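The two complexes that follow have chain A in common; it is paired with chain B in the first and with chain C in the second.
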Partner chain A sequence: MANTVIGSSIVIDGEVSGDEPITVLGQVKGKIAISQNVTIEAGAHVEADVEGQTVTISGRVTGNVVARERLELKTDAKMVGDAKAPRIVVADGASFKGNVDMDV
Partner chain B sequence: MASDETCLIGEKITVRGQLSGKQDLVVEGRIEGRVALDSHLTVEPSGLVEADVEATKATIRGEIRGTLQATRQAILEASSRVTGKVSAPQIIIEEGARFSGEIDMEVPLPDGIRAGGV
Partner chain C sequence: MAERETIIGEGIRVSGEIRGDEDLLVRGRVDGKIQITQKLTVEEGAIIEADVDVRALIVSGTVVGNIVASESVKLLASARVVGNLASPRVSMDAGAAFRGRVDMGDVEAARSAVVARPAVRPAQTSEQVEKAAPPRIAIPAKAAPMPTRVVPKLSAPAPAVKTTTTSTPAVPTMPRVSSASSANAPVWAKKKMIKRR
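Right, the complex of A and B next:
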């Protein structure tokens, strides 16, 4: 099955939910609630609360992120919001402002 | 990033709200709300779109409930189920397609005759 892709020229204002991996290259405002992996690519702009299994961010995210397994902020990631995940990786170069909750 | 890559809403994905864009969109899942595309929309047999839809071209193999407005062409393929209003200069309905609603092809009518009778 091909992955769900929100393309770079696509703007979604609302809620994206479901049970398969998604990749965001465009803009999403509102909410992303996925029970699989969520990838936010470089160039993407997400103003939303994000929920996923593994959440990988290379783009720009404003909102709270909950990853049930792992949150990864790649080099180009810019994130403002609270992060909750049992494992969090922040790469050199990533910028992040917000609270971290690893459920310690 | 190339802007001509195809955008896909997978079978198990639901989008609620407004979706707009300039690239081709394939829907295998569900969209509720409004879709405004400057490109080609394809709704696959598993797709369900409950929305007001605008696109340049629309190929429907799944289900649409709402209004569908294509600036160029709308194709309702054999597996499609459409309820609502379809407007486009060119509309193709294949044998087997189920459609209930209104069609508007913007046909130029002869003088003295108005659409909708009377």
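Right, the complex of A and C next:
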């Protein structure tokens, strides 16, 4: 529980940046730029460009996502925006609209 | 709900606004504004450069900005705070560094001065302004009665000038100038009235 958590009732308007893993349960509008893993949980609502090492999405994301290692869309994920990552996993049930760039 | 807590970790920086209804623990850095209906804890090593509006505040780190806490503020020994502080209960441990004003009185007034003002700005009708004005201007007591006193004196042209910006005909008497009031009006005003007819 030590890491950064944006709780479900929290709204952040602006930029979140840093070098430790982050879990979002609430709302973020603006930008998330993290050099570690980013987890967007079910119920979370992110209207932001997201940058992380491994980005795992279960909630709703509107914005471009760049993952240096891996992007994972879980069953409940709803994503609108462009995805850029060397590895992309889309689970059955996830909804996604946007371009995919795997750098090939 | 009570065990819910948001944590801004050591390596994290948030620039912008944080709002919400749960406890917030900051170990990293926040620039901008924090508005939380619960408790904010600023740990040692954390830096906050923001206006803070919370229920309770516990500081071990650094806060630069104006603070409004509706319940209490605790500055622990390692705290460094620069800014004005408004809260009914304020405690400071030996070793805490603080520069600014402390106000343990009217927290609501301080809050409206620090926080609510920008939020109220978006489009209001003239009726809403009239309703909202008295409580907000209650602090600078002289400011409130001024407009109401001035307007009736300058009977004819003044209201017309004042209401040109508001499109709604909130003042029904404005366009009609009665002959009685025009008799009392100054010469230059009479000329204008004659022209209008």
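As a convention for this text, the second predicted complex is superposed on the first by the 103 of 104 C-alpha atoms of A that agree within 3 Å, B and C clash if a C-alpha of one lies under 4 Å from a C-alpha of the other, contacts with A are read in each partner's own complex, and residues count from 1 in each chain.
We take it that contacts are C-beta pairs under 8 Å (C-beta built on N, C-alpha and C of every residue); 3 or more make two chains touch, one makes a residue touch a chain.
Predicted model only: the values in this text are computed from it and were never measured.
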| item | value |
| --- | --- |
| Simultaneous placement of chain C and chain B on chain A, clash or fit | clash |
| Touched partner set for A:G30, first chain B, second chain C, both or neither | both |
| Partner chain in contact with A:E20 - chain B first, chain C second, else both or neither | both |
| Which of chain B and chain C A:I10 touches, first, second, both or neither | both |
| Chain B versus chain C as contact partner of A:V104, first or second or both or neither | neither |
| Partner chain(s) touched by A:G43 [first = chain B, second = chain C, both, neither] | first |
| Intersection of the chain A residues that touch chain B with those that touch chain C | 1-20, 22, 26, 30, 34 |
| Complex contacts: residues of chain A adjacent to chain B | 1-20, 22, 25-26, 30, 34, 41-43 |
| Chain A residues within the chain C interface of the complex | 1-20, 22, 26, 30, 34 |
| Residue ranges of chain C in contact with chain A within the complex | 4-22, 24, 28, 32 |
| Residues on chain B engaged by chain A in the complex (per definition of touch) | 1-3, 5-23, 25, 29, 33 |
